[in-house]
Amino acid sequence: MTAHVVAGAAEAGAESDRLAPDARALLGERVVGESLPAPFYVDREWFDRDLDEIFAKRWIFVATEAEIAEPGDYLTVNLGRSSVIIARDDEQVVRAHHNVCRHRGARLLTDDHGSTGTIVCAYHSWTYGMDGRLMFADAQAPGFDKKCFSLRPVALRSIAGLIFICLADEPPADIDEVATIVTPYLEPHGLANAKVAKQTDLIENGNWKLTMENNRECYHCGGHPELLNVFFPIWGFADADAIPERLRPATTRYRQATDEMTDLWRRRGLPSDRIVQLDTRITGFHIEREPMDLAGESFTLDGTVACTRPLADDLPDRRLGRLSMHLQPNMWLHITGDHAVLFSAIPLAPDQTLVRTTWLVHADAVEGIDYDLDRLTGVWEITNQQDADLVALAHQGIADPAYRPGPYGPSEVQVEAFINWYITTLRTTLGVTHQVSQPVSEISESA
Amino acid sequence: MTAHVVAGAAEAGAESDRLAPDARALLGERVVGESLPAPFYVDREWFDRDLDEIFAKRWIFVATEAEIAEPGDYLTVNLGRSSVIIARDDEQVVRAHHNVCRHRGARLLTDDHGSTGTIVCAYHSWTYGMDGRLMFADAQAPGFDKKCFSLRPVALRSIAGLIFICLADEPPADIDEVATIVTPYLEPHGLANAKVAKQTDLIENGNWKLTMENNRECYHCGGHPELLNVFFPIWGFADADAIPERLRPATTRYRQATDEMTDLWRRRGLPSDRIVQLDTRITGFHIEREPMDLAGESFTLDGTVACTRPLADDLPDRRLGRLSMHLQPNMWLHITGDHAVLFSAIPLAPDQTLVRTTWLVHADAVEGIDYDLDRLTGVWEITNQQDADLVALAHQGIADPAYRPGPYGPSEVQVEAFINWYITTLRTTLGVTHQVSQPVSEISESA
Amino acid sequence: MTAHVVAGAAEAGAESDRLAPDARALLGERVVGESLPAPFYVDREWFDRDLDEIFAKRWIFVATEAEIAEPGDYLTVNLGRSSVIIARDDEQVVRAHHNVCRHRGARLLTDDHGSTGTIVCAYHSWTYGMDGRLMFADAQAPGFDKKCFSLRPVALRSIAGLIFICLADEPPADIDEVATIVTPYLEPHGLANAKVAKQTDLIENGNWKLTMENNRECYHCGGHPELLNVFFPIWGFADADAIPERLRPATTRYRQATDEMTDLWRRRGLPSDRIVQLDTRITGFHIEREPMDLAGESFTLDGTVACTRPLADDLPDRRLGRLSMHLQPNMWLHITGDHAVLFSAIPLAPDQTLVRTTWLVHADAVEGIDYDLDRLTGVWEITNQQDADLVALAHQGIADPAYRPGPYGPSEVQVEAFINWYITTLRTTLGVTHQVSQPVSEISESA
């Protein structure tokens, strides 16, 4: 058996020579079923490697089309030391360019978002079109050729209104397959035409992988009393037999709700099969539809809708359960009948991660009439803060020399899948041979 | 003659191979009688080495039993990147464990001190007893063995109520000899049953070794007018003949007070011989009894007691002079008839050191009746701040490329002893051969 | 042809062995006519090299004699990790010493400036004369020789009241030639006897070389509307034919004003030939006299004087144009008939630079009567802030991995000269062989 997360042959190679022997050993010897050794979480060396090998070579979720609805709208995104301009041009094409002047390198756009017809450098007024072409550069010698100084482009891919970028010259091609699989799930919910009800930035004091591990299990959900009203606490158990006795009532309700919802999804033509390709492809992901508890309509305390206007005109059902997707390395989302909530994790430092949360509602939904903003966002805002506190505790302890990797339990199988994807990706891009890692999907099948 | 500070053969060895040639040279060539070359004080490299070779391998003073008087009381101590829980269990046993969950590494206790019956991890509720045993871990697979996941223990030693810990697997064994020597000096003062009147944390903007050098001489005491009321300024002169003419009156008073006090100490059965083993053993220390000036009773402006209730019931004399002890690398204390004041220095960064000062009084002494807190702590609080300012100046100048090691004078002999202990310890644990360093005790004998 | 910036043979040598191959390649392969590769601007490694090879080996402008007018006056200057005391002694001699006690290294003077008769260390009261001699050290052993512990001196050179220091043991000798050339230009303006009207410190969030590049061209002057009232925007074009059409009116005014001013300068005996030796000697510089626009008298919004009392008694003309000098690596100045404004750039961090601006007026000029301070300093204060914003943008963009060196245009010839001096200096002191760089003066001649 061979590793399932593979890259083009061009990706690995010369770089492997740059890896010091102790880093190579750490990467090669990671024990399946355990949390990572501390250096991966706390050392600047591995943080830089994460930026270079993961965040600069894989597809990264950064925004939604709803954030740049009109021609001329733009937003700037920071990934590591890179700043990228994402803009909608006059022909409604969404493009990405590096936010760096080609003259003497000045940063061009400094606002998080805005609207403009051209991009003018504040330093010497070099002026670019929204398509990146250099249109004007004053006082140049006769031989100067503007065509040589366009803004440098960045690969961009929009899937049902979700914007992914890749900083690499040759982005992973399997994004096409992933788009083909997930688009039928996402498209009926109308994200591309939705509006942003709210967006929050929360800085967690922990490594970005701890942020991802945290949202990949509900073993810690005892710390989320508000979320647990509607979120079934059995989420994450790969094997139903492993669910503890005390969760039997929840399991019973979950099974009943699943039967009801599956029937509805079928009638509405909504695909609902669970697809788990978390560590079996370059652009690992999973997507699933699940019921929710209580009224089962939305992420509110009683489960009833937070927005009376359905997110998609063609899906008027209040009780639609949730469509959830997770895409390696940094995004997850939930879509209910009335809204969508999307999360991205962006590494800022070995011990700092930006979690951006975006709530989308129907483009015509009116705040104060169709929805109350606090009710729409309350459950996830408090849940995010609870998670931030837990991630900070995890980082603190892992930075302690006394930390030793500990065991993942039966409900932490998606944590293992994330870590397996991560380690396998680094091994591939860095050209490290290793003992074979068994994909989580096969582990759970054979369990 | 060979180095007098020795370690087990196991301590040195493989590590010496990790030392770069320039670090090895710096360590091997230090000139006796001069301040250290700048890298020892300012470079991150040596700071990390200090944490690894000194603070993680030697006995470190961190607290007093008086701070955790009742069963269930705990405190958390930070040493470098390590956090350690020190707690008193139901059988009054004081224990130390690493403050890290064995599951996914979360920090367990986040308060400086508190009281609890069990230690519950906030992340997934793994629960430990005060003895470190894992008592509860939810939703684990059948084969999971709680016995494999106890908290990792830390070596702890209490000497007459003073708590020392050692992070090494094999702590220096000579702590037993040191305890045997110093316990008869300390025990009559009843520290183990005292109460904490006040504890202050002061961050000095200098390397921890500059903090220690500062408190190892009184050559700078001109900057301490409040302390000098009662503290004889001749302290630190290894050779009485070297004391300058202008200090003759103080010398005369010192000799007369010494005669009176020695007689009292003998009558009270208090050992008073000066013992100096600062750089002649692994756990270097010195202990001495000395008189104080003016009323000679306490660290107050006029030398009279700050607490009317004697510290120990069996030692009712107001004028008892002071018992002083210094133990390498990071503690010193003074005990008078009415109170004890203890100091610990904890490195925070190459240029930052935490100085924790603790004042102990009799357990039944009542603030406002038996003592006024400002009067009890005033002299040392102002003295600490004066020292912090001097340490900051020393660090600033040493960080200047123009700094060159300068000469210690006749009153700085204990500074040399500290530095000699430090250098010899590093040479031993790092396996660096070197020119022989003559211990200070022999230097002063032959002087 | 060989490099024109040369150093003594002693300067290069052993150090070249310390340079890693990639640093050596970066230094050897810099492309003429383009901004530098990013590491020179953003990496700590090159920042440290700049401090060691440029700021510790070349003559650095740090202050004016006007700042220490009276005997006993001193100021302290920080250059990298070095602090230097610059003081005027009782015989009016200006001297420089390292600000470090020879005992245990404490920083001696902590104020930016002041006045004193002796320098007393706060730690143990070692006392030095203003000439650096150790005068007093208490409680030393009989053999102690004070003569061995004078303060360490720093090379100092005052040119017409401008104070330059050099931290090297063998400062570049060509300062004598430079002084001979520029003194006749500067001396008539009486800087040595002027007074400081104001001094400001501005921290720019960019590398010091970006600060210098910024002030070496007026291509960006569209961002300085206040300055452009009097400053001809054609400054910096090496070749008049390259000046764009839209600047023709300014060019016409400039030529007319030049004719008028040249006549006046000749009558006043003021040398006015432009001398450009920016990258053709170790202590590179250029000096020139130029007219100013509008009233042409001063840096005010309408060009009329800001101070009614002329700066030099012998030069009573209000309209005198400006004398401007730039000296590698870190100073530039402008002198008009009524005042002088001097600038120095001091590196604080890879992305932080201190810009100190000093305004000098006649020693007897009275604020509120002869000049209004806001009017005197207003144009450069706002211009400095505009430049700080541009430098910050440049640094941000260059720190982005997408940055690539871009082309200098016809008006950025002095930027290229600065960079050529910088690269050639490093190649010389670090012993890197390279492709020959053509000095800018020859480039412009052949253009």
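In this document, chain identifiers A, B and C correspond to the written order of the chains, with residue numbering beginning at 1 in each.
Keep in mind that, in the parts below, a residue touches a chain if its C-beta (ideal position, glycine included) is under 8 Å from a C-beta of that chain, and two chains touch if they have at least 3 such contacts.
Keep in mind that what you see is a predicted model, and the values were worked out from it rather than measured.
In summary, the pair chain A and chain C forms a contact in which the copies contribute largely different residue numbers, shared numbers making up under half of all those used. The rotation relating chain A to chain B, fitted on Cα atoms, comes to 120°, given as a multiple of 5. For this pair, chain A with chain C, the centres built from the Cα atoms lie 50 Å apart.
Multi-chain contact residues of chain C (touching two or more other chains) are absent. By the touch criterion stated above, chain A contacts chain B in their complex at residues 35, 38, 213, 219-220, 222-223, 242-244, 389-390, 393-394, 396-407, 409-411. Only residues 56, 80-83, 98-108, 110, 122-125, 137-141, 144, 149, 152, 167 of chain A touch chain C when the two sit together in their complex.
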